[in-house]
Amino acid sequence: MPRHSTKGVLGDFYTPDEALAAAARVRDSQYTHFDFLTPFPIHGMEEAMGQKRSWIPIVTGFLAFFGITLAQTFIYYVMIGDWPMNFGGKPNFAWPSFIPVTFESMVFYAAIGSAIVAIIAGKRDTIPQPHPMKIKTGATIDRFVVWISATDPKFDATEVQRFVTSLGADGVRYVDAEAGNV
Amino acid sequence: MSRNDLTRDAVAHPHTHREVPGTDPAPDAGSLEAAVTADRGLNRRDFLRVTTTIAAGSALAAAGCQQPVETLVPLNQRPEGMRSVGRPLFYASVLDGVPFIARTREGRPILVAPNPAHPSRTPLTVRTQAALLDLYDPDRVQQPLSVRRGTGSPAKTTWAAVSDEVVRGLKASRDRVALLVRPATGAATRAAYDEFARATGARIVEWEAFQPDAAVEAWRQAFGDARIPTPRLDRASLVVGLGADFLDIAGDRREADFADRRDPGHPDGMGRFIAFESRLTLTGANADRRIRVRDSHLPAIACALAHQVIQEGGVGPLASDLDVADALKPFAIDTITTAVGVPADVLRGVAAELRAAGPKAIVLAGLNAGASAGGLALETAVHLLNASLGAYGSTFDLDAWGAPPTGGLKALADLVADLDAGRIDVLIVAGPNPVHDAPASLKVAEAFAKARLVVSLNDRLDETSRLADWLAPASHPFEAWADASFPGDVHTIQQPLLRPLYATWGLLDVLLAWAAQAGAGGDIADAMAATRPAVDPKAPAPNTSPAWHWIRAWWARNFFGTDVATPEFEDAWDETLRAGFWTSPSSARSLPSFNTGAVSLLADAAPAAASLVELHLHPHFAHLDGRSANNGWLHELPDPLTRITWGDWIAIAPRRFDAMGLKNGDLVKVTSGGASVTLPSYRHAGLHADVVAIPLGLGRTAAGLAGNGIGRATFPLAPLVGGRVLRVGLSCEIAKAGGSEELAITQGSEVLDREARQLLPAATLKEVRADPQAGTEQEGGGPSIWPDRSPDKQRWAMAIDLSKCNGCGKCTLGCQAENNIPVVGPRGVREGREMAWIRVDRYWDAGRDKDWDDTVWDGPLAVVEEPRTLFQPMLCQHCENAPCETVCPFVATMHSEDGLNQQVYNRCVGTRYCSNNCPFKVRRYNWLEYSYGKTNPFFRMLVPKLAMGEILNVRGRLPMKNNPEVTVRHRGVMEKCSFCVQRIREARATATREGRKLQIHDGEVVPACMEACPTGAITFGNVLDPEARVRRLADSPRAMRLLRNLGVKPSISYLTRVRNDDGQV
Amino acid sequence: MQTVVMLLALAIATAGAPGCMNPRKGYEPPQPIFFQHLRMAGPANWTVDDKGRELNLGGYDIPCVYCHTMPYKGRQSTLPSTDICMNCHSTVGVDKEWVLALKKYWDDGRPIPWVKVHDLPDFVYFDHSAHLNAKDDQGKPKVECKDCHGDVAAMGVVSVQNRFNMGWCLECHRKPEKAAPTDCVTCHR
Amino acid sequence: MTTARSESLYATVTGDAGLKGVPVILPGAGPYGGDEEIPEPLVTGGKTYQDVDRDICMHTEQFPTRRWWIAFGVALFLLSFLVLGVATLFYSGMGILGINHPVGWGSFIINFVFWIGIGHAGTLISAVLFLFGQKWRTGINRSAEAMTLFAVACAGIFPVIHLGRAWFAYWLVPYPNDRGPLWVNFNSALSWDIFAISTYALVSLTFWYVGLLPDLATVRDRATHPWRKRFYNALSFNWNGSHRAWRHYESAYMILAAFATPLVFSVHTIVSFDFATSIMPGWHATIFPPYFVIGAIFSGFAMVITLMTIMRNVFNLKNYITLNHMEAMAKVIMLTGMLVGFAYTTEFFMAWYGGNEYEGFIFRNRAVGPYGWAYFIMFTCNALVPQIFWFKSMRRNAVVLFTVSILVNIGMWFERYVIIVTSLHRDFLPSSWGMYALTAWDWMILIGSFGLFFTLFLLFVRILPAVAISEIKGVMDPRVSATKRPTATAAVHAPGEV
């Protein structure tokens, strides 16, 4: 599925409640390649759009575990495995000294890892999106925009426009980036 | 050229051709060619720093990491006997009457250590240890100069020119010549002087600032021309000192003997030392009982003791003598007790102890104490007491006789009189610096001006040489031949350790050459003839030093009784050079009885009307009379008691100090006898309330870049009275002069409360007899949660016996020479950045019973009026659980298998956390580039003190003092005592070479501090070896390892400092 | 665009790394005199040249310690002083130009400034005698000259055969049969 | 969500004057007959979404004002101090500073802990307050996190330049090498530091950048110049507000906040371990980690107040950073001030209670010894000055807030001064005691570090939106701020135009 779609139908809403109501109806409609572009995250929109909770936390768990094991094995190799030395009479396996670095490594991989995964997921785990430089939507300013991509199997320009207008959207229009009518 | 290349691969010192007066320079085919590292570009460290600082990844990749190209330059022709490069050679020799063994590497001396086999048991003085810096001093004059009495800048000239001028002068004014030299003890040397005098009709004048004039005069009055027996403090069970300063000034056997009897377990019982003195001297600090008196009252107290012992006790042959009785009558204890301010029962107690000890007692007067108005009376009273107690023959060794010291003021005064009268035309100054250290009233400068020709043989353009016509620099004693004699008919040959660095010539060589040219016959002519190369080219080139020939001829004739050319002489000569001494058979001698006529001198012992404030001038501990004022090591060696470096001070008693509203460093003006000096003041504990003490010797204006302007000239304060220089008991006025000058003090707080902080084991003899572990109690440490991982076979450890340690600081100097420790200069010390790896902490013992407030520790009055002084050499303790190793993130310091705390200089990046975490604060940091030059003009303008490191450590030939076995550290690197790991590794390598596979015998590894310690207080070895001496000391009940409650487990055991309180006073 | 930047940085790093990681192995500096160990310490190799004269293209099996006198006795293995060279070359091979170069140094009384080949950093204190005298239980020496310097006898101009850095030294020190100390003060002090 | 009745508050309150600092009580209007509390609006002045965009993005779109250039010039001048100081330091060595033996650490480590302490408040505000659901954080969290990054940047240079041979600082990173290989000593707190500080810097950067993504898209959509559009678009990774992306974004932001909170506590704990794992009296105390963390929050909030009072006025963001925000921070200052004061007294109590002579002496010496003056400054500024905030009027007075925040940061600098210097200058052996004083170079580099901080902060304000636009919109009442649905007659300006 291509990341960006150049053709689709847009419709504007002006308050989050309208957007939520519309989302519920679009979810129940026959269209699947649809999305809502909003200036800020709206509470409850996932259920309204029929999505499950984000899977990112699971990835974070694995990343955290990876961070811990990486740190512990590396420190063990350095302090005991490779060249154990006598630092101030302490035993080589001075495990209290390993805790801080392990914790930091866990936070490092978990936090930054999940941020990167989230950004990538935002690009991959989605439907073809209107490219922001090609299709102006105003969704980052003040509009709550509904978007139905032409890549949807049941897409028909007039039928979709009619359906979006029936949702109560304003400024419903069919956009085609290649044709230039943006 | 990186420092280590110079030291490690260098073949020998740079050698310059020099003309030898009177002989054509011998072709040096096989000279030790200067080692050159061809690589003129960036050395390794600068290369790394430049690239990483730019740190552009690509730049780094492009430049690549090429190591600089260095060369390895072998010898051209190896002289026989020079085994190799890389192995040290040892020479036994003598300097200023102190025997030593010098370690040399590739032909240059790098360390001066004591010669333990020398029968005179003379310890090293700090000036001998630091002589290396005088040898390599960049401010030494490098070739003869025409000074023209200071008019216009001195012009370079040649030896030939100077010799012609001098010889013409000698011939012209035959009997109007004077030779001013330092007192020489060597038999052949004095013979050479006499021969020079006979050849040129010259008068030999010996001068040194600090000579016991009073003692010599009193001895002559008491015993005629008898030679002076050697005091043996190790035989004395009681020593009474009257201003005694055998630890401060005299470099003789008393220092080591005194320490022998300080062992509480000594078979003949622990010695007891009672000291009467005004200033807290290093000697007084080691006393069991110290009584503060004015210097002017010392003669009276001596007579009082004599009266009590002889008249009341009826002790000794003179008890019934009427003259003695009359002379002593006015000094009965009850009559003088109020005048001298000492309680009568104390004086009676001391007298009683003297009578009880009998022949086992000894009474000593100090060299400086004799330089007072009543000096003769004091010395006579002391001779009287010793004679009566029967000390001569018991605590004075009659077999070990010494010639009476020469070089007093009388000879110099006569010379100045002759000069003023115009009876002297040619004056040759060889060594002394009377313009600086003679009394001002003598007006030496004006007298010198009257001579027609003045030639100086000193090593630099010092105060005296500036008034000369010519300066023909004599070599440093390390570069020339001479000899020295010691009490007990022991003689040592002063052999050169290296070829002269500059165009200089040995003192004896010059005198013999000039004498020969001036027409001397006999032995001098033979000596000079021997230096000319024989006709036959095949014959080996002769030694070009006439002094060498002279000494051999003289020793052969007078000592060995054989001819020079015989093999027996060669064997005896080589054996003397190897051992460092030769003992001539001495005839048994007896001492004539005490000449009762001398008691007339006791008359002027009467305590004069005490002036308000008495001035006490004493020689600076390290500089004596300022002869090595350009020596960085000596300036940076803290004074044992005031801990002041780089400068002098006026010490004022704490009560008077506080009354005058002073703070340490406030300037005080002292006026005495017409002269006045302004000095920074120092609150000195233990000083008599009405005495102020000032060190002599500093304040030189012509010493060199490092020494000029350090301290103020204080010699003018010492007046000339009755043919003697008076230095103590002078009346003076002191006044606050406003303004202050920060003193460069190396120690923080001086007061140690041993109940609160058990950091130093100290106890009295009675306590130790009751409980051997007395004094070592400390707060216990809890159990360790870590499994023990200390080594099982080999663990290096050290034991320091604080009873034997007298706080002299020679361990500090020995360590500084061995381990290339840089000098940081006065500003460095003021900023708290001195670099010594071992320091001797000096505490005032301050039990809490003395009710003072503990938050501010600047020495509360109750503690410092009459302090108990505690000395503690403090160095890296090589702890088993070293807190410094845990916190170093760069793996730069960790523990070795044999118990050493390793500090790896090339891995250290300088976070300084290890120094912060060390409870003993013994780690030192290279704050600036001390051992390498920093030359960028822009940053030198921004940070002027950048240049100090170069001036003190890198200029000229100074880097030649570096020990090639120890890394010379760059800035930004932490350094600390390594237990002389280079000597441990050398011992392991020797064991491997001899196939002993790492069994190192006890005593085979001697660290530099242990080697330099005159009293044997430091012992080092493998503590896990049951037979090792260090193990025995570590297990002794007196041993204590510090800070047990911290659980760091240090490897150094300190043995209790015991004070002998078993007496009536 | 980010990937391009990443690749460029990686390229620089990989280009730069060997420059730093690759110590002096293979370093073969030109010497002031064209001295060939092969002709001295190498095995003899007698051949007959075209004019029927016997020629020795190899060396004369001169033992190392003849010239390098001190490795068994001191820390440094010293280079021979010029008089040791002149023991033979005052008469042998006086026609060869490198012997003439030697003779010139000898006559001028100047030592020969050999360029150092095996040059450890200044802060490393290597002890030849401790290595060469170290014997294992059977009395056999643990280390010989060629273990570090390679077969110098077969070399023309001397070149460095090993990495000569800390990692390389430790490889040998850590072999159990060598039982060599790995304390830092062994080499750094 | 906000109820109908509160709609008037968002519309009516125009500025600080209208805010009382207490929620509006409607007696008996609660769902079960009790009173109902309507929280005061977080954004005053009846702002619409477009007003928000304009007010916040205009500082990045116009040519900077003269005042900005003056401030930037001054900051650059101070920065030049730092550059010259560090260059001289690198060439000459540590000797030009005041540190000596026994006080081996001095102004650099004080500055390091001071800056890292300030840095923690930013992440704390955006992470902890996010987890606690404190909506008022939206006004200040962006610039607070920016302050964190720049404070960590300032803090980061000190551990490097305080090294004697800083060109070997890279040995602190355990990279594979051919020296055996020689790694790092993980027993040492300094080796933990490098992991802690780098992790903290990177996680804060990520947290801040993830929060910034939507706003970058907003700036992009408002931009007219093609290069600007392409630049901001690249920065925002083509963000178009898709809710499928918001879903993962929200989850990631929650996770980042979840990890940032313990990270803040752990990083400053590790910084306190630099002292707590030593054996120095006055340092090795278990109170250090919490003591340092509270100190960090305390000085961090003080710096936030300092910056916010300046920014509110200069960039007229009073409607977004209202007096209620300032008062909330003042309350936090008061709380942490008292906690820090409690920590000081606890240290004294433990020293007395423990009975260890060295420990006891250190604290007596700290209060009445030669550095008593520093202790006095520390105690008054940290424990006494914040007590002024008991009075509501003081909490809402901008001048009082600003002066208190400056005093608190001075107090906190001196707290590190007292901790480091007094424990080092007089420890076990009386012979090794010594004094410490900052030299000109110390002051120069300290002032230079402020120069670096303000230079970076002024650049941030110039290039990026200083307030979190999407979060502000999230807390505004859509009924007031939403764009009105155009009736047939009203002219509709095209989406994206202003």
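Think of it as A, B, C and D in the order they're written, each chain with its own count starting at 1.
Note that in this section a contact is a pair of C-beta atoms (placed from the backbone, for glycine too) under 8 Å apart; a residue touches a chain by one contact, two chains touch by 3 or more.
Here the structure is a predicted model, which means the values were calculated and not measured.
Peer 1: Which chains contact both chain B and chain C?
Peer 2: Looking at chain C and chain B together, the chains touching each of them are D.
Peer 1: Centre-to-centre on C-alpha atoms, which chain is most distant from chain C?
Peer 2: Most distant chain from chain C: A.
Peer 1: B-D versus C-D: which interface comes out with more C-beta contact pairs?
Peer 2: B-D
Peer 1: Distance-wise, how many Å sit between the C-alpha centres of chain C and chain D, to the nearest whole number?
Peer 2: The mean C-alpha positions of chain C and chain D differ by 60 Å.
Peer 1: Counting in whole Å, what is the centre-to-centre distance of chain A and chain D, each centre being its mean C-alpha position?
Peer 2: Here chain A and chain D have centroids separated by 28 Å.
Peer 1: Taking each chain's centre as the mean position of its Cα atoms, how many Å separate chain A from chain C?
Peer 2: 64
Peer 1: Residue numbers in chain D touching 2 or more other chains?
Peer 2: In chain D, the residues touching two or more other chains are 180-185, 187, 191.
Peer 1: Among the residues of chain C, which are close enough to touch at least two other chains?
Peer 2: Those would be 23.
Peer 1: Residues touching two or more other chains, restricted to chain A: which are they?
Peer 2: 83, 85, 87-88, 90
Peer 1: Touch graph across the chains, line, ring, star, complete or other?
Peer 2: other
Peer 1: For the complex, give me every residue of chain C touching chain D.
Peer 2: 1, 21, 23, 163, 165-168, 170
Peer 1: Show me the residue ranges of chain D that touch chain A in the complex, using the header's touch definition.
Peer 2: Residue list for chain D touching chain A: 48-50, 53, 174, 180-187, 191-192, 195-196, 199, 202-203, 206-207, 209-210, 213-214, 217-218, 220-222, 229-230, 233, 237-252, 255-256, 259-260, 262-263, 266-267, 269-270, 273, 469-471, 473-474, 478-479, 482-486, 492, 494-496.
Peer 1: Per the contact definition, I'd like the list of chain A residues that touch chain D in the complex.
Peer 2: It comes out as residues 12, 14-17, 35-42, 45-46, 49, 51, 53-54, 56-57, 60, 74-75, 78-79, 82-83, 85, 87-88, 90, 94, 97-98, 100-101, 103-105, 107-108, 110-112, 114-115, 117-119, 121-123, 125-127, 129-133, 136-143, 145, 147, 170-171.
Peer 1: Can you tell me which positions in chain A touch chain B when the two form their complex?
Peer 2: 85-91
Peer 1: Can you name the residues of chain D that touch chain B in the complex?
Peer 2: Those in contact with chain B are residues 88, 90-96, 99-105, 162-172, 182-185, 187-191, 193-194, 274, 277-280, 356-358, 361, 364-365, 368-369, 424, 426-435.
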